[in-house]
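Note that chain A is present in both complexes that follow, paired respectively with chain B and with chain C.
Coming up: the complex of A and B.
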């Protein structure tokens, strides 16, 4: 989306360092994420993509030994500031994980979980509506509308992942973080999710970590390349894939390492 | 011709010393078999090395040749040896008593004669010695010495024969691995069979005694009767005991079943909340360091012998409750259901906390992440995601705790008295199934007496209750496991 011809920056990270105990996992990351675009993070395993993603909704808080330094601004608000309420932050920034992780509850309860916690529905009707729109947006409604009260764990892998996406969008987040959402899925389910991501970017800003270069090229508008905890290069996906500035980026994209 | 036993005894004693006494002979023979087994292992292996030396390829590792030879040397000899030990006494007895057959002795008298014979031959007989007994004793010694020497001969020749056979097989480089593996399988099978058969045997003895009990006491009276007073049955002499009407209103099990469940209930009221909360704390809140020390500490509680809990309950908690009650103007018995149940609850805490800690910890981290990422707090996550996911496992741990509570004996015997009151007042004393079994079986008991059989009937009911609980608990736990694997 452009406003007055200028791309809106949704998230901006400045000098972000992350440590696991004494080990530094990210070095001085400066990356701006544009609003209503899909940003892909690529790079070899262990280079810190997931770590960076988890900084953005402060999921690293859960890990005792993890320390985050630097500034991460979302809507010009520093999320590492003391005044930041993690519960509100995670309402604004949803997350989808590598392995589908629906709760061992019914499909309906999986979706209503977030809205209940954040007190978003005043009545049963409102909740029903939230569940329905979320499932529709996640392109799952057709398949599950007559078994909303069956366990979510009974769905297929691809359906489970779309259920997790529906769960994430149920609280109307501004940003959705996806950590290799298709790596446990077959090609057809992957294609469905990719199509879905394209739809979702109308309403949400999406950051997706992926192992598949082809997927990054297909779904993203911007790409950042990580290597050994550093952000080597970032820019529009077109540019990164066709005309990378850095030798390492080129090597990785052409499959020479990784 | 009547002689005092003590006069003849040294003579017999000496004669019996000519050979080894039976026991030490057995020990020597047994040691010999074992030693031979070990040495033949090395022989077999050496043989294998020698075959290898001549550049022939072995069909198995050299150890297998060793095991093969050892098994063949020791096992047939050992089997003969054990069979001998089992059948020798019976056969000797038959031979001795055959002299007395057709003389109109009763079985009991025959047994007595045999016992006299044996003790005379051991030189321990002090009664009057008849010529008959003397002759039998001589014959007995004779038979025993024949038996012993033939045993030695047969066992040794068995070792030599089977060992030589196996050794020859080895030389022809035949298969050794398969027979050894088969043998191991057979040994393991026998071990598990022994465990199962013992269980089955215990259950059957329970069942038969229980059936006998219900022949005298109607099932209805047992299950619905409200007076449990087995001491009443004990006062009567054996002639009266045959009259079932005497036992009416004596073996009504309702008070002790009620007492059992009541005390278990009190125990679970203590154990479930504390156990569960500490389990949740350990699994979700405690740092790795705290958990490292706290968990073993809590598990030590499970290692304290119940008798220690018992005197804790009887000497500390009981009197303490009584004092508090008295100061509030309540009439509290020093032996109260509350004291026993409360202490029992403390005993069960570690089971519940440790098991529920395990099931909570095994809830996948991805579910926690999923919940936190939705903006849920820690307590919301525990309440809405982790606890429901772990619930079946937690229920399983609680059921196991209940079956511990129902089966617990010592604490109740020591702290809650032995009188089977039918009461729901936790400040009074009540009794439980286990405590009543103790009451019944302490002191002189005769088999076949309804009072003794009552213990079996109680044991049976206890067994059924805990069996059901355990089955349900295992089912629930298994179902839970399937969900995440």
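Coming up: the complex of A and C.
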């Protein structure tokens, strides 16, 4: 969203270093992410783009040996500060994973889980409404409206991933992190998800990690290129793909390595 | 060159064939042993489910029973049945002398008086009349009738006299000996007399012990497993605990028995020989088994489910309680049942805490003295009487049946409730 023609910065990371034990995985990352835009993070395997993504909702906390240094500001609030409640943070920043991971429960329960634990619905009707809007936003409603009480794990891969997106947006997060959401899907399901991402950016800021440069070019407005734990280059997708400044970026984009 | 290759290939095929053969013969051997074992138990034990009865005419003589006219129920309860019981046995041979009358009396169990009394209490109009009453045959005659008794031994080497055999054969010829389903094997407590011994006491003892064991071991083990697996920091101390839990699972059960003896009985002064103490002792044994099973099934829950819940903003506790633990329950429960089945078959620790005592009452609570099924097998196997031989096998059959049902149940739980991951 533009205010007075200036793009709003939603997330801003300053000097972020990440260590796994003694091994440093990210080096001094400075990246600003614009609100209501899709930002793609690209780079070869093991370059740290997923690690960076997981810093943003502090999912790295789960890994015992992982340490994060530096500042990550979301809405001008440092999420690594002691006063930050990780539960509240993850309510605001949803995540979709590489492999579809619906809970082994019904479709309805998958969606209603988040709103339930965050106390977002006062009545059954309200909950029904949240479930319906979430599924509609995830373009899944038409396909599952007759079988809301069947297990979510019985859906196809693409449907499961859309279910996971619906689950993520059910708590109305400001930011959605997507970690290679299409890598396990076929081209048709991928196209559906990409369409969906375009739709979702109206209400959410989206950061997507992807291995497919074509996908990054299709869905994102901004792109960051990671290599060996460093952010080599970032900027508008147009610029990165058509006129990269760094040689490495150019080599990667033109398929010379990666 | 080509020939060489072919030889090599042939060799490989032969090696595989040989290996299959080894495997098949190993399975065959195992099956043979199992078959022999089961056949032995069944062939020795099946006869214990039958009981031999002598059908003896009893005259309910009011005078001999010291009964007044129109006796009340209490009078019937208090009446003297010994004399008519004795008389009806003696009447089997009108020419018997005093010694022989004694031998006649010993052809039935010492419950004969009670059996006659029950007959009259059921039908008070029998006073003054004669009726054929079923009396439990003595264990030796029971074995004779089942063909387990060597009749051709010299008389001084067997417990059945020639005279008893003669009368018994006459009764058989008259059709006055009958073999019926041995209900009392299941409803009577233990007895020194084989024909009256049953498993009611030890069965109830086992049930109470297992219940106490379950109620203590399950919650403690599950909480410990959840904490260790999901919450505890991974450091040297938790590693140390983990190693020791695994060691605990390998500790010989008799050590737990000593622990029960030394602490539960000596320090806490809990009542000896009770399922309460037995159950607590067994729970110490079952604890590591359940912890290991529970941790294994918690580990088997895919991390993606935990991540999904955490990313939704669930707290660690919510993630664990809403997702991980319910998903691990089938594995935990079947592990628990297997642990309980192990505890059910445990003998040594129960012997140490005194559950080996002769108990001829049926326990009504875990605080009453009782035996347990495996200990009952041990007690009977030690007894000299021939009548106990079949009882041992029959008791093993009951225990095995119990175990099979429990394991079946564990399998069903595992298959029915196990979730398929995406």
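The working rule: the second predicted complex is superposed on the first by the 258 of 258 C-alpha atoms of A that agree within 3 Å, B and C clash if a C-alpha of one lies under 4 Å from a C-alpha of the other, contacts with A are read in each partner's own complex, and residues count from 1 in each chain.
Just so it is clear, contacts are C-beta pairs under 8 Å (C-beta built on N, C-alpha and C of every residue); 3 or more make two chains touch, one makes a residue touch a chain.
Note that the coordinates shown come from a computational prediction; the quantities given were computed from them, not determined experimentally.
Chemist: Putting chain B and chain C onto chain A via the overlay, clash or fit?
Modeler: Aligned through their shared chain, the two binders clash on chain A.
Chemist: Which of the two partners, first being chain B and second being chain C, lies in contact with A:160: first, second, both, or neither?
Modeler: Touch partner of A:160: chain C, not chain B.
Chemist: Of the partners chain B and chain C, which touch A:256 in the superposed model: first, second, both, neither?
Modeler: neither
Chemist: By the touch definition at the top of the document, which applies to A:242: first (chain B), second (chain C), both, or neither?
Modeler: Neither partner.
Chemist: Tell me which region of chain C runs into chain B after superposition, given the options 2-10, 92-100 or 110-118.
Modeler: For chain C, the clashing option is 2-10.
Chemist: Where on chain A do chain B and chain C both make contact?
Modeler: 57, 59, 62, 64, 87-91, 94-95, 97, 99, 101-104, 113-114, 117-118, 153, 164, 167-168, 171
Chemist: For the complex, which residues does chain B have touching chain A?
Modeler: My answer: residues 287-288, 364, 366-377, 380, 384-385, 388-389, 483.
Chemist: Can you tell me which positions in chain A touch chain B when the two form their complex?
Modeler: 57, 59, 62, 64, 86-91, 94-95, 97, 99, 101-105, 113-114, 117-118, 153, 164, 167-168, 171
Chemist: With touch defined as at the start, can you tell me which chain A residues reach chain C in the complex?
Modeler: Contacts found on chain A: 57, 59, 62, 64, 87-91, 94-95, 97, 99-104, 113-114, 117-118, 152-153, 160, 164, 167-168, 171.
Chemist: In the complex of these two chains, what residues of chain C are touching chain A?
Modeler: Going through chain C, the ones touching chain A are 233-234, 302, 304-315, 318, 322-323, 327, 419-422.
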